[in-house]
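Presented below are the structures under discussion, each in the form of structure tokens.
What follows is chain A paired twice: with chain B in the first complex and chain C in the second.
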Partner chain A sequence: MSDREKKKAPLQYSLFDGLFQGRQGVLLGLFTLFLIFLAIFPFLSFASGFWLNTLTLILLLAAMAIGWNFIGGYTGYAAFGNVAFFGFGAYGTGLSMTKLGLSFFPSLLIGALAAMLFAIVMGLPILRLKGHYFAIATVAIATAMGEIADSWTSFTGGAAGITLPFFDPIEWSGQFFYYMSLLLAVGGLLLTWFILNRKMGYSWIAIREDEDAANMMGINTTWAKVMAFALSALMAGLAGGIYAYWKTFVLAEEVFKIEYTLQMILAAVLGGTGTIFGPFIGAFIYYILITLLVFFLPVGQLHATILGTIIILVMVFTPKGLMDFISGRKKISINSLLENIRTYRV
Partner chain B sequence: MESLQFTQGIVNAILLSGTLALVAIGFSIVWGILNIINLAHGAFLMVGAYITYWLFTLYGIDPFLSLPISMAIMFVVGYLVQRYLINMVIRAPLLVTFLLTFALEIVIINLATFFWKGDLRSVTPDYAGLGFSLGNVQVPYVRLAAFFISLILTGLLHVFMTYTKTGNAIRATGMDIDAARLQGVRIPQTYALTYALGTALAAGAGTLISISFPIDPTMGGAYTLRAFVICVLGGLGSIPGVMMGSVVFAFIEVFSGIWFPSLKDAIALLVLVLVLIVRPSGIAGKAFYH
Partner chain C sequence: MSKRVLVLLVVLLVAAMALAACGGSQATPAPSGGEEQSTSGTTEEQASTEEACKVVFGAAVSLTGKYAKEGEYVKNGYELYVEEINKQDGIPVGDKKCMVELKIYDDESNADRSAQLVEKLITEDHVTFLLGPYGSGNTFATTAIAEKYKVPMVEANGAATKIFNRGFKYSFAVLSPAPNYLRGIIDMALDKDPNLKTVAIVIENGAFALEVAQGAKDYAEEKGLEVVYFDKYAKAAKDVSSLITAMKSKNPDIVLGAGHLQDTILVMKQSKDLGLSPKVFGFSVGPTSPEFRKALGKDADYVVGAAQWTPELKYKSDDIFGTPQHFTELYKAKYGEIPPYQAAESAAALIAYQKAIEAAGSLDKDKVRDALAALDYDSFYGKLKFNEQGMNVYKPMAVMQNYTDGGLYTVWPKEAAVKEFLYPFKPWDER
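Showing the complex of A and B:
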């Protein structure tokens, strides 16, 4: 192909062009196999309740990490309060099921929409903030919401929590919640891919790279940012609703735990922020790391220390995530691990 | 009774504002000079409080005498943390340093809970309960002393920053890092020194808090958020601004505690969000210490 023709090559390509070619193709093929494995997992003979439970947790985390990636990864806004949306989804679903007597799916929808609405209402003012201010404002809102949910006893049940009905038939509940989470996580991947090929996706990346320039180019940055925030709320809200019905119990100090925000950010960072598959794979990497470390350091009460140490190591050595190593763009060596320090130290 | 509660509230707020100013000053210089939000600030404060507690419980050292000890220990700890950990990634995007200090906080709190248990503890010297009355209003001696010590430490910091060569080097680094480097300021050491000053002040505040209030390993997080709110209220990196912000915040906190006890933190946080919305860059919005 001559240079001239290369220049003419259209930017948009169809879904299946060279999809399974080269190293990227191999990885995509492996990922597809992995998804197929996940899809048939409950029918495999070794799929005990424990594994189903663990995978459901991982998939819910993956879904939330994918959601966080919209605002934190693509748009570049360090949102630290996404657990608020998880809590909104959980409470929305729980209250709709108990107070309104609705069945699960409409309740889930109500919970997720409530989370989205909250994200839009809060997002319009706080997305004007930049950097540290935005980050702390989101932490503050999430903490405040947790406290309000905890003390508004007449509406939320306060410290007594909300008890939800069990899934019926109960012997299929493990499978049901597993598939709900898988659907949510895969749906999140498709949503990411869908948006990235649209103007919205380009707007997000443009905002991350230079918000003023994006504004000058005629991008409605407010709309794009609020959409990113609302969509991340949608993912976390749905995850919260599923989680609430799965555990059949909603308690403020449980569903507004700041650790959940940390976990989703860490999953996204481990996999690679601003990539489609990063947060999904990161959620698995995160759980494997945690499980291995808890296994080798069997001190249950030091769980948080282990989590913190992982965060510190990741931030110092691989803040761009492990996706570059997996996809072969970078080789694992002392040099590549020290690259981050060489770039950013003083 | 209402008016008594009101006047007592005013006295409490003024006494509280001194300690809060001390907490916020350390946070403010680290933010202003290093441009990082030190989320581990409250955890260092907690360790300072525990140093005082153990020195008092094990060796019977008076809490006010242990103030320099806890500050010195945490100064060294802070210096090492900044020099050999945070300095490694200090120029990375916001998310990295934010998560790094967050992780530090988690680790410190978890280790403290593991070794010292999560119980509430208090430092109880003989004079702990003493105080004097102004009419019906109670003023405990320890809180009054804490108030004045906070003011003295804040003043000393101001003198250090304004009149010493090292203090000027720190300020210069905050204003223009390249120009400071050209003038021969050693940036890594200066950063470490600034952070160490921040943690030492946090530890000092922790010591003073431990004399008046019970302590536990999770006490710090609330102070980190308060420090942040105060910095936003008063403007980043100016000592008078931080003092003013502390007074405003102390009044909000004390009176929302009287009127809406269960929503105390929520109200403080909503005030923060409100201020940020009205003035998105903070009230003063200066990017360095001066």
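Showing the complex of A and C:
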């Protein structure tokens, strides 16, 4: 899917050239305003617990989507098992807190590092696979990890799960987890930007465009791919750890469910893979759609059907994600939509 | 270019606007999103001093997803109670009556969504009290939210004790907890034949089933039975023949299964294939469902199953339903079927609230919480009384048996039994 269309588009990270100048400057300015809005959100009068809860879920999803973007968007490997890292982070944090009696932050670090280490160990063999084979291998690993967590009762608590202590004081738990998630998502954006201006970022894109050519040019593709995989694991692992402590509960069927992988891919694809802000914006769009459908529009139990229809339409008309239009690479018009369809032979 | 900026503005501000617009309504007195409730401008604390008094119960229930059917029963139970109590002008609070309203959302059988919705019910819709969702997982997630905001939640469909082992003050369950599930069957078997010696237990690897099994094991040992087999099979297992072969070699008097409908049917099918014939076959979930008879036909005969409640029980009460039979009549008239126990226990949760509100004489959340903690009431559903953790350990579990005439009858507790417990299980080779 990647060889067409690329030449036309300027490289995405040029978004930061000439900070706050021209169109991209306006975009960045607006985005900064939005981040400021998010930063002061809990202090606004209408910020009820419900909205704090919803935004926390969105930000965690955004962080995971940003992580998925490293391997799926920039490096071009269809990773369908990132929930394994989420689960690793959740179990790592949960077990460190309950079995080792550590406090939250060191536990979170242990969980995230465990996820990263696992990604490196698993990535070395399976990143030699390509296309569908890689996708299948990642799904298999995620499923297997879920089964192991579910059956290894003596270590993981098995089907009874792990119960974590509550955040103390409980009245402030909403704010605490909100800011943790915001920090993680914004940290993910900065990490993306940082890497894209380094050799690592160029290597990822080179691998996506033509891995053999990249190899011949002297790029250590194995190292670059494994790093992309490990960094996406880091993001998912941190999100999993925060999630576990927030929900005070870790259960295999909850933290290893494939929906999380699908959600992070969906968020990245909706927003635009291979862009800095795409996954972040995609997570917001996806979740706000759900929230509107479930809570505020009188569609009854049809909400899932309508959501599915909207996603299909977005995919048909803007397969490269909404960042294409936002960043001005394309204009929204009937022609550009039809061109999308022709280009991707939908 | 201006067009693109416009597009961006739309996308970025969708978030901000949606949040501001929807969240903003919280600042105004009228609750947002409440279609039926448009006039009330009071907060719930002062409600009783205004002329139009109202109690709003909020719940997230699974109306879609894997628990959609059970969720529907729960909703039916809640709604039947509300309809009946409003015929009597509502719940007496002090010297006046308060009409009852329900606010129900669909949690899609998803624990995350359930927690999110309960947070919405509390902070946006300002419901007076909370009712539970369906299932232990969702109940676990939502009780934590209720505790955070110090709003009482009486739940009726989460039996796992881990929900109540966290020291919560605001969560109560009207149903018997998971470890009690198989006690009725053990009691009944020993009552029939005190010479029974050995028990084998097979367990689905799930939180609820594991608690059921552990509770059954402890109780059996307490009663002097020997547990000769105790092992689990994977969730959604397709083959349990190795476990059945192992059980058969122990030749147990009683075989107990802790699990759900599908695996219970599987255990029965493979027991027949392998010729496992104990004197009693009993299960936590399954035999009381019509699906069980449909799947097994004549092979369902003699099998007993635990039940939280049955329409045939002989409880008498002064609540609005009076007896299980009257509840059954009303339910049948409204929904056209025999009420499943989920509907009965859900209605019982509201009866617990009603009695606590009457005792407290107020809608104050903490006063009602204290009244719930002190509640001791005999309802159409059985005893409503909570231990320190908030669990109803006082209500016995009933037992139903698949009879040889194709019917399903309550056989335990003895005083409520419709028919005699058929004993022993007829061995497969004599059928």
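Just so it is clear, the second predicted complex is superposed on the first by the 307 of 346 C-alpha atoms of A that agree within 3 Å, B and C clash if a C-alpha of one lies under 4 Å from a C-alpha of the other, contacts with A are read in each partner's own complex, and residues count from 1 in each chain.
In this section, contacts are C-beta pairs under 8 Å (C-beta built on N, C-alpha and C of every residue); 3 or more make two chains touch, one makes a residue touch a chain.
The structure displayed is predicted, hence computed values, not measured ones.
Once the two complexes are laid over each other on the shared chain, residue contacts for A:E254 go to chain C alone; chain B is not touched. Using the contact criterion defined above for the overlaid structures, shared-chain residue A:S151 touches chain B and also reaches chain C.
In the superposition on chain A, contact of A:F105 is made with neither chain B nor chain C.
Of the two partner chains placed by the overlay, only chain B lies in contact with A:A137; chain C stays clear of it.
In the superposed pair of complexes, A:A304 makes contact with chain B and with chain C alike.
By the document's definition of touching, of the two partners only chain B reaches A:L129; chain C does not.
Applying the stated contact rule after C-alpha superposition, one finds that A:V269 touches chain B and leaves chain C untouched.
Contact with neither chain B nor chain C is seen for A:F194 once the two complexes are overlaid on the shared chain. In the superposition on chain A, the residues of chain A contacted by chain B and by chain C overlap at 151, 301, 304. Within the complex formed with chain C, the chain A residues making contact are 23, 26-27, 30-31, 34, 37, 41, 44-51, 53-55, 57, 150-151, 158-161, 163, 166, 170-171, 173-174, 247-249, 251, 254, 281, 284-285, 288, 291-292, 294-296, 301, 304, 322, 325-328, 331-332. Residue ranges on chain A touching chain B, taken from their complex, read 72, 78, 80, 125-126, 128-133, 135-137, 139-141, 143-144, 147-148, 151, 262, 265-266, 269, 273, 299, 301-305, 307-309, 311-312, 315-316, 319, 340-341, 343-346.
Listing the residues of chain B that touch chain A in their complex gives 31, 37, 85, 87-100, 102-107, 109-111, 113-114, 187-188, 191, 225, 228, 232, 262-263, 265-266, 269-270, 272-273, 276-277, 280-282.
Across the complex, chain C meets chain A through its residues 1, 3-5, 7-9, 11-12, 14-16, 18-20, 22-24, 26-27, 33, 63-64, 105-106, 108, 111-113, 115-117, 119-120, 122-124, 137, 140-141, 144, 147-149, 162, 165-166, 205-207, 209-211, 234-235.
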